[in-house]
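Below you'll find the structure I mean.
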């Protein structure tokens, strides 16, 4: 049992008044703690030989991925299968979907096959909302453009909670390519909702416009940004999303914004290092730090990812009838 | 219960004396109504939260696709999984199969793994028959070249039946690229078997040789072809199968053969619009007509697709021993 | 029951004191007969309509393939599913993994998702050992570079055993591209372990260095190599692994080293022809010989493949707790 809300309710009676999980907006603290509490039960179960539940037996989950992502797709596939659902993978290359109508046609076609859940990843911000407005089933945003990736933020929050025992009052520095990062956007929203103090650290070219609208502090200097923080959340340098020249060179980026021992020394001694993966070793993070199991919780994040997605599927599934 | 044949038999005792479903040839009216009646039970089940049956538990379905088709492959995958079968997807790119022997080697290899069903799509007409002659399991033609696509015709017939209450005596106009269309071929056979009057409407370059052999009427003028018909079945313009220059331009094709309000006005006021998908909006069909839920049954077709494939798997599965 | 070891033990109590199956090294004769005995039960079960077991219910198998292989991947997928496991396929193209670190990162990421088994194919010899050293689950080498492919050797041994009633004392000629063949390496080890006399037959350019270290006889002349042998094991000409010019031409290779009626006449009259597939017809083997069901046991090998993989998964699964 997490020391959060819902502590006197039975897990099986928690209600989750959302049809879709499209982003962090609209979630209450109670919703987030519900996901984390239920995820906690799956963490245990996933460590046992028999990881199977029948809770979604007969339900259908479609993983609809318009971008490659072995990691997130596999995490959703495992989450669905371990809950007993039938899981269908659909990889749609960008080349075959050039127009908005085609996305909707794809969505409507799948909808007619009566899935219960569609987990969607799409390279364009907002595409998942568009799709959700058209279908009957629950839609889970698995990453849309530079917009949101809510299950990533939920698994990050759970990872922090389990290590630090709380989120409220912690100082979290999100560092690197904030501009292109849906992970950063979802985390800024979720962490501030849960009472953490959030900083974003980036060169000016990788800072989003109007960062103050997220209620976060901005830093252009990594050492100042990391000073006395509890959590360092590094981001992947999204080469594939950089349409212009955002950084002078990889080497210079690492020099100023890559996480190494020297910069890490500014954070609290027990500060945790996070990264959504996959890591660009020597670009965002020194390779030894990534592997330091005393500091890095990168693999915890992966483990929490499956459990959080199971919790989200279970909670959304309670509304199916 | 459909108002067709088999009405006084229990569904569970219907027999289906075919090992394979390679085409419409060889099916009796009774066979077709058996498929439709059993499909009817799956339409209901697929709309419930628990869509799972155990009827094919322990059976293996292999989807062997030598051409890309997310839609049909997903439909078969869902059909198999919802019936409890283990489903394996195999996508074989054309590049790796240049000779007929290799198709047979692939078939024999899969056969040695003891699948119960293989659903095959192949770019060459007749390839599926060749394969079926070599294996022990049931083979379902999921589209072979310009030849046949029998589950598409069955789902189309079920869609019409459920909307119109009958097939006998209806006038159906199949329009567009008849020459390259396996959907058209299977539908011409099935609809005439069921007593519908079938017309084909196409420019001379997209008309098949000897159309009279199918027992259908031919029209080169769309307005004349649609006059007083009950069903308008548009076909996808199969760009990828056009080896020469079959149409002067997309714009001219749409002008003469694309379905728009003006041409639609020649059909009966309650005429239904069908399309096997995916739609080329503005090529074969005006985009507003495609989305008009009073006229277009395109999404019904998708829904019937899963149910019809479940029915076909169930019936073929009764012969496994 | 095989006439080997373990004959007086119940199959369900056989223990297999290995965490991984990385190669043939380290396996005892008893281990091999355990795999073969359990595989025997699955051969029977796979021929029945209901092929499903619950023995690995709730377990997770990940097929992690860094090289394309529809055949082996399908065999593992079927094996896992028929035992009730949840099976996840991950195809990783070579392009996305250029450095050893990335392989380890991929492995560690998957490991954090708590699979019970990972079946790995990788183009580099030794990659699978590297991966196995990092993860908690059981790793099955499904082919690494020119190194080992142990389940192939186990299925080959079972195929021979079932036809000849023994392995001890048989003369087996492995012919063709020995240098690049992991199948040859695993078979040389396993067949000598089981008491067969192994010959390798190849042109000098396709002979491995120090062949005597495998305890086999070497032949550069096909007719001498095949003389009086019981088993002819042809190998696939691994064009994709030949970095230089190893053979003068396909035609010349077939003339000197391809299996045809004339060369086959030197073997014993009841000699069996084997090939791991897929066959290059007319390159390694005359097309009629490949299809001669009196001589060729190529399709038996495929059938044994699924059963042997089920046996390996079952035995390794007994150590999960």
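Every chain is named by a letter (A, B and C) in the order it is written, and numbering of its residues begins at 1.
Here is the rule we use: a residue touches a chain if its C-beta (ideal position, glycine included) is under 8 Å from a C-beta of that chain, and two chains touch if they have at least 3 such contacts.
Because the structure is predicted, anything quoted here is derived from the model rather than measured.
Under half of the residue numbers found at the chain A and chain B interface occur in both copies, marking it as a different-residue contact.
With rounding to the nearest 5, the Cα superposition of chain B on chain C corresponds to a rotation angle of 120 degrees.
Chain B has its Cα centroid 40 Å from the Cα centroid of chain A. With touch defined as above, chain C holds no residue shared between interfaces to two or more other chains.
On the chain B side of its complex with chain A, the touching residues are 46-52, 70-71, 74-75, 77-78, 81-82, 277-279, 281, 287, 299-300, 302-303, 305-306. Here chain C touches chain A in the complex through residues 57-60, 62, 86, 88, 90, 92, 101-102, 105, 108-114, 116, 320-321, going by the rule given at the top.
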